[in-house]
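Below, subunit A partners subunit B and then partners subunit C, in two separate complexes.
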Partner chain A sequence: MSSGALAKPQMRGLLARRLRIHMVGAFILSIGAGAYYKFAVGDQRKKAYADFYRNYDSMKDFEEMRKAGIFQSAK
Partner chain B sequence: MLARAPWSLVLRSRGLRTRGVHSPGGTAQAEDKMPPYINCYALRSYPMPEDPCCTELSAEQQALKEKEKGSWAQLTKAEKVALYRLQYNETFAEMNRRSNEWKTVMGGVFFFVGVTGLIIWWKRVYVFPEKPITLTDQWKAQQLQRILDMKGNPVQGLAARWDYDKKEWKK
Partner chain C sequence: MAYPSQLGFQDASSPIMEELLYFHDHALMIVFLISSLVLYVILAMLSTKLMHTNTMDAQVIETIWTILPAVILVLIALPSLRILYMMDEINNPTITVKTLGHQWYWSYEYTDYEDLMFDSYMIPSEELKPGDLRLLEVDNRVVLPMELTIRMLISSEDVLHSWAMPSLGLKTDAIPGRLNQATLSSTRPGLFYGQCSEICGSNHSFMPIILEMVPLKIFESWSSSMV
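Right, the complex of A and B next:
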């Protein structure tokens, strides 16, 4: 019909090529998402808790709360 | 049996509709794989329709069909194109062409969201009752003060962002 007017399109291996591209992309994205979550969320949170509890005085905390008047059993 | 063309096909195919609108009794034989709407229109998901597009052939078209029964190498390029047009009423490029329908859809969506917003505004002015006491500003301030006194979420949450010495939010 249109011999020579257009280049012959890719006829074979279309699914294989698509799978290859998407498999690579899926691996990269999932590992990237996991790594990002570990560093940005997980390690950050562990650090925040460690910093909070390093110099934490629970009795002082309790006294502040008691003075603010929130307890019913310890006025 | 009349052709049941969908609205979008009727509106889109302006000139091509004049050629063939029949499904001449062929539907009874093609029951195992039902076409989307009609038997002579192709879709991207249904590329080989059951019935040819033009079934009333003129004399020269019939002669062409006879020639088609022989070897296809003897057909000229123009004849091959003519045979294609007899069989299918749109090429793949024509069938898959884009449209501007999305603009209409988005416009309609935004318009109705706007109408909904106006209706809700009217309701807020004329219909809704008074807020319950727990939603007044004074109650909410006392509630927040109590949460800060209890030191809720002191590591990463609410009380962590409150400066207890200066009695204000941390910068």
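Right, the complex of A and C next:
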């Protein structure tokens, strides 16, 4: 027979504890997913368009396309 | 234009389409937020034997999951309405072009100065030249000046069609007996492709649209040569 009594195990509030932990975890995960998408995709896209148009020369672009022969109206 | 294995929208070539891209990013971010939350909760609920067997009410959580979705919907609606009103801003178009849908081709009319009208048929696959795009090339393209605001009046001579240009954020139904107006502007020169977007019969998939955006001087000499 064992000499000492075991400590009384936690018998109440197990689900509540689990819910608390996972509620926090769920919100951290979902806000993290949203933040990741916003910064990695959304803000990157805005930056890409801003960078493209910052020094964009539409006439130069047009001349390159015209030389490539894609237009019907400008050979 | 569209490319193989494309997942998202085509690159924007008009300010409105850029705004629509950013709005889509915003709405999709919210979708991922909610979906990841729900997925996590489902997995957490399925991975335990613990249960609460005498739940009588849940006032706090019911309040939270009523108010929070309402807030999320407002956060989606505000940018959406902003873009909606932006599309209807007064912008004083420089020219007006009419397009009429037919079975199964588009016809275009530039009648501001001279009477210029032409039909635009798809080039059949057997007649394509090397480098041409299957089911997208047309014989007469819609040549327009770039970086200017253009009014498109869209209608149909027979059944419903729809004049769509994804990279400019345009899709307007062509309804017989009705004139629909769309405002078009492109920030860049080039070729922009679209396809009929309302089922209109057997060759619905074979009436594409090509916009050729060129500088104003080139547009003027093209339209003089076409009259």
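Just a few scattered comments:
Quick note on the criterion: the second predicted complex is superposed on the first by the 65 of 75 C-alpha atoms of A that agree within 3 Å, B and C clash if a C-alpha of one lies under 4 Å from a C-alpha of the other, contacts with A are read in each partner's own complex, and residues count from 1 in each chain.
As a working rule, a contact is a pair of C-beta atoms (placed from the backbone, for glycine too) under 8 Å apart; a residue touches a chain by one contact, two chains touch by 3 or more.
These figures come from a predicted structure and were not determined experimentally.
Once the two structures are superposed, subunit B and subunit C can be ranked by residues of subunit A touched, with C on top. Contact with neither subunit B nor subunit C is seen for A:Val24 once the two complexes are overlaid on the shared chain.
By the touch criterion stated above, A:Ala40 is placed in contact with neither subunit B nor subunit C.
After overlaying the two complexes on the shared chain, residue contacts for A:Tyr49 are found with subunit B and with subunit C alike. When the two structures are aligned on the shared chain, A:Leu15 is found in touch with subunit C, with no touch to subunit B.
Of the two partner chains, subunit B is the only one that A:Ala68 touches; subunit C does not reach it.
Touched by subunit B in one complex and by subunit C in the other are residues 45, 49, 61, 65, 70 of subunit A. Subunit A contributes residues 14-15, 18, 22, 25-27, 29-31, 33-34, 37-38, 41-42, 45-46, 49, 53, 56, 58-59, 61-62, 65, 70-74 to its touches with subunit C in the complex.
Per the touch definition, subunit C reaches subunit A in the complex via residues 12, 18, 21-22, 25-26, 28-30, 32-34, 36-37, 40-41, 44, 48, 50-52, 140-141, 143, 146-147, 187-191, 212, 214-215, 218-219, 221-222. The part of subunit B that touches subunit A in the complex is made up of residues 77, 80-81, 84, 146, 149-151, 154-156, 160, 164. Remark: subunit A residues 1, 3, 45, 48-49, 52, 61, 64-65, 68-70 touch subunit B in the complex.
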